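What follows is a pair of complexes built around subunit A, which joins subunit B in one and subunit C in the other.
== the complex of A and B ==
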């Protein structure tokens, strides 16, 4: 079932025409209204009339995260102040945040895209969505909230945390779907085990929307198995509305990126050149419909690739793979580029290892991977634990080509987060 | 015949860890009869023989510890020079590989046992049946 069938299954040629028109319009609007962009585009030797097709996107300059910080708060706003109805800021862990402004139409469009996503996964009016993302300056919860209401779903705006209350709400309102971070979903599963609640029998859950953090296919399977549900991967970023930029359909094989709203490029982060479908690179997104704060060629720092081929669901919008890393959370040990996801993939495939892990960088040549042992598999035998430790070390070494020090820790002893999980602690003084 | 049960608790090598475990046991009114520690680098397993093992396991798990209860073999030691040697000799003669061992003095205080962890208790007992050993029997 579709929310906007004509748009979701639009012919690729027609889609390109729509994109071209919207790109031209966007470029004209920022040229006219945003001095920062006018200067940038001018410096690139481009004028709005040079944009004749989507491939002319290459004539436009990139927008970086630093550009957003530099223009904080109002520098990139493209409409009169009275047209702005909402601001979101994006978690700035260092220094100033990024501010994103929405007009009424921007909010409606964001909600419309979420409606497409939810209906695509099987959500209907009689569903109950418990929204466990943070409400507030972060886009995650609010944008999802508006989209779910548009579909007619009953929304339980629980926000994250207060796990006991979450469970009570799920039971009382017969929650059928949750919107949650992967790390909080894993944390919840531990609480369920401790409390002796079997979500398969004791709850009405059918699906979960996981987002805001990268996570592995193994983690998805673990969560699906434990809760007895379908887990849908979602992708979004505040700079492009928040959630609902790309979402999985019921095939659960890649996320359809709504290309009538966002122009997608995958580039080689080192050279800035576009790569072909199927090749991994950094996602670069251009908002095509944004009024309040259009952003062109935004360097997301998220690494993914476009999945070639058609999706059996009938939607023509191309699919992206799950985010396989961020250009900025890659770290280097012994000269080797390592992504935390590689380590997570290995750990999730090993029996006897629980969900939480922590990577500690000690020096340029040494890293420690702290893992939690699985409570149920503990049999009191030290030899078995040493074997497990050795097996983890060996498997990690095969994957990342660097031999880490592996430490076994007690279940629940590593920092389990109710929000975004921090997986890498960098203790190096460089 | 009741097998002797040993309580194992996972412990990261951190100061105060054993204190926490024994406090949990003390608070639950559990009497510890024997203790041993198997350590490997940055973690270890602390083993206890206690008077109420099922209770102890439940209490430790509730307190958040990673614990398990396993069967071990208790072999009586003669209170004389060479008492331990004769037991160990029998184990050696039968090629029994002992993964872990420690000594436990029974509640009555008149008997001591060598506690051994082996892969297959029944098989081990079978191997030792003609060696004149007395096994712990609760």
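== the complex of A and C ==
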């Protein structure tokens, strides 16, 4: 089932015409209304009339996170102040926030995209969505909320945390779907085990939408199995729409990125050159319909690749792989580039290892990976634990090419945050 | 014949052992014997105490990783070759000894040796066959 079948299955050639028109319109609007962009585009030696097709996107400059910070708060707004009806901010780790402005149309369009996503996964009017993302300045919860209401779903705006209440709400309102961060989903599963609740029998859950943090395929399987549900991968960023930029269909094999709303490029983060479909690189997005604050060629710092080929579901919008890292999460040990995701993938595949882990960077050449042992596995036998420790070390070394020190920790002793889990502690003094 | 022992996982963290002992002491649980096996990164604390089920429950509630395991206790009297006889019996039966430790009984002139064989029942059988007296749980707690 589709929410907007004609747009979701649009012919690729027709799509390109739509994109070209919208790109030209976007460039003209920022040229006319945003002095920062006018200067930038001008310095790149480009004029709005030079954009004749989507491939001319290369003539436009990139926008970085720093550009958004520099222009805080109103520098990139392209409409009169009176047309703005909402602001979201997203605080980086660096302190100063980025502000993103929405007109009434921007909000409607964003909700429309979420509606596409939810219906694509099988959500219908009679479903109940418990929205466990943070309501407020963060886009995650509100954008999803509006889209779900548009579909006609009953939304339980629970926000994150207060686990006992979450469980009560799920039981009382017969929640069928949850929108949640992967780390909170894992945390919830622990609480269920502790309380002796079996979500397969005691709840009505059918699906979960996981977003806001990268997580591995193994984590998805773990959650699906434990809750007895389908888990759909969701990708978004507040600079574009919040959630709803790309979403998995029922094939659960890559996320359809709504290309009539966003122009997608994958580039080599070092050179800025576009790479071909199937090659991994940094995602660069251009908003095609945004009124309040259009952003062109935004360097998302998220690493992914385009999946070549058609999706059996019939949607023609290209699929991206799950985010396999962030250009800024990457760390270097012994001269080797390592992403926390690689380590998580390995750990999730080892029996006897619980879900929490911590990577501690000790020096340029040494890293420690702290893992929790599973309670059930502990049998009081030293040899078994030493064997486990050696197996983890060996498997990690095969994946990341650096031999880490592996420490075994008690179940529940490593930080499992209810929001975004911090997985890397950098103790290096460089 | 079988005796319940508690094994506690000790991660390499300062004060961890103390924490475990404090939990038990607060619950007024006396420890009869204690042994620690450790590697450079972690250790396993083994405890013999009067009410192992209760102790395991209390430790679990305090988020300490515990496992109850079965062991065999042999009273070794103060005569030469006492321990060797027991080991010989296990060896002859081709049984893998995972670990052993000993403690001294307060009242009697006797050492208690705790054995953990991979197969507990086979261990008991072998010792019985060799005529080596094993201690019952109640006897251990009384000493």
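The rule is simple: the second predicted complex is superposed on the first by the 430 of 430 C-alpha atoms of A that agree within 3 Å, B and C clash if a C-alpha of one lies under 4 Å from a C-alpha of the other, contacts with A are read in each partner's own complex, and residues count from 1 in each chain.
Quick note on the criterion: a contact is a pair of C-beta atoms (placed from the backbone, for glycine too) under 8 Å apart; a residue touches a chain by one contact, two chains touch by 3 or more.
A quick note: this is a predicted structure, and the numbers were derived from the prediction, not measured.
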### Task
Specify the outcome, clash or fit, for subunit B and subunit C once both structures are aligned onto subunit A.
clash
### Query
First (subunit B), second (subunit C), both or neither: which does A:174 touch?
neither
### Task
Considering only the touch criterion stated at the top, classify A:382 as touching first (subunit B), second (subunit C), both, or neither.
both
### Which superposed partner A:310 touches (first subunit B, second subunit C, both, neither)
neither
### Message
Contacts for A:12 in the overlay, against subunit B (first) and subunit C (second): which applies, first, second, both or neither?
### Response
neither
### Message
With both complexes overlaid on chain A, does A:411 touch subunit B (first), subunit C (second), both or neither?
### Response
both
### Message
By the touch definition at the top of the document, which applies to A:104: first (subunit B), second (subunit C), both, or neither?
### Response
neither
## Note on the structure
Note: overlapping subunit A surface for subunit B and subunit C spans 373, 375, 378-383, 385-386, 389, 407-413
### subunit B residues touching subunit A - in the complex, by the definition given at the top
6-8, 10-12, 38-40, 42-45, 47, 64-70, 99-100, 117
### Summary
Residue positions on subunit A within touch of subunit C in the complex are 373, 375, 378-383, 385-386, 389, 407-413
### Query
Given the complex with subunit B, which residues does subunit A contribute to the contact?
373, 375, 378-383, 385-386, 389, 407-413
### Task
Would you tell me which residues of subunit C are touching subunit A in their complex?
5, 7, 9, 11-12, 37, 39, 41-42, 44, 46, 63-67, 69, 98-99
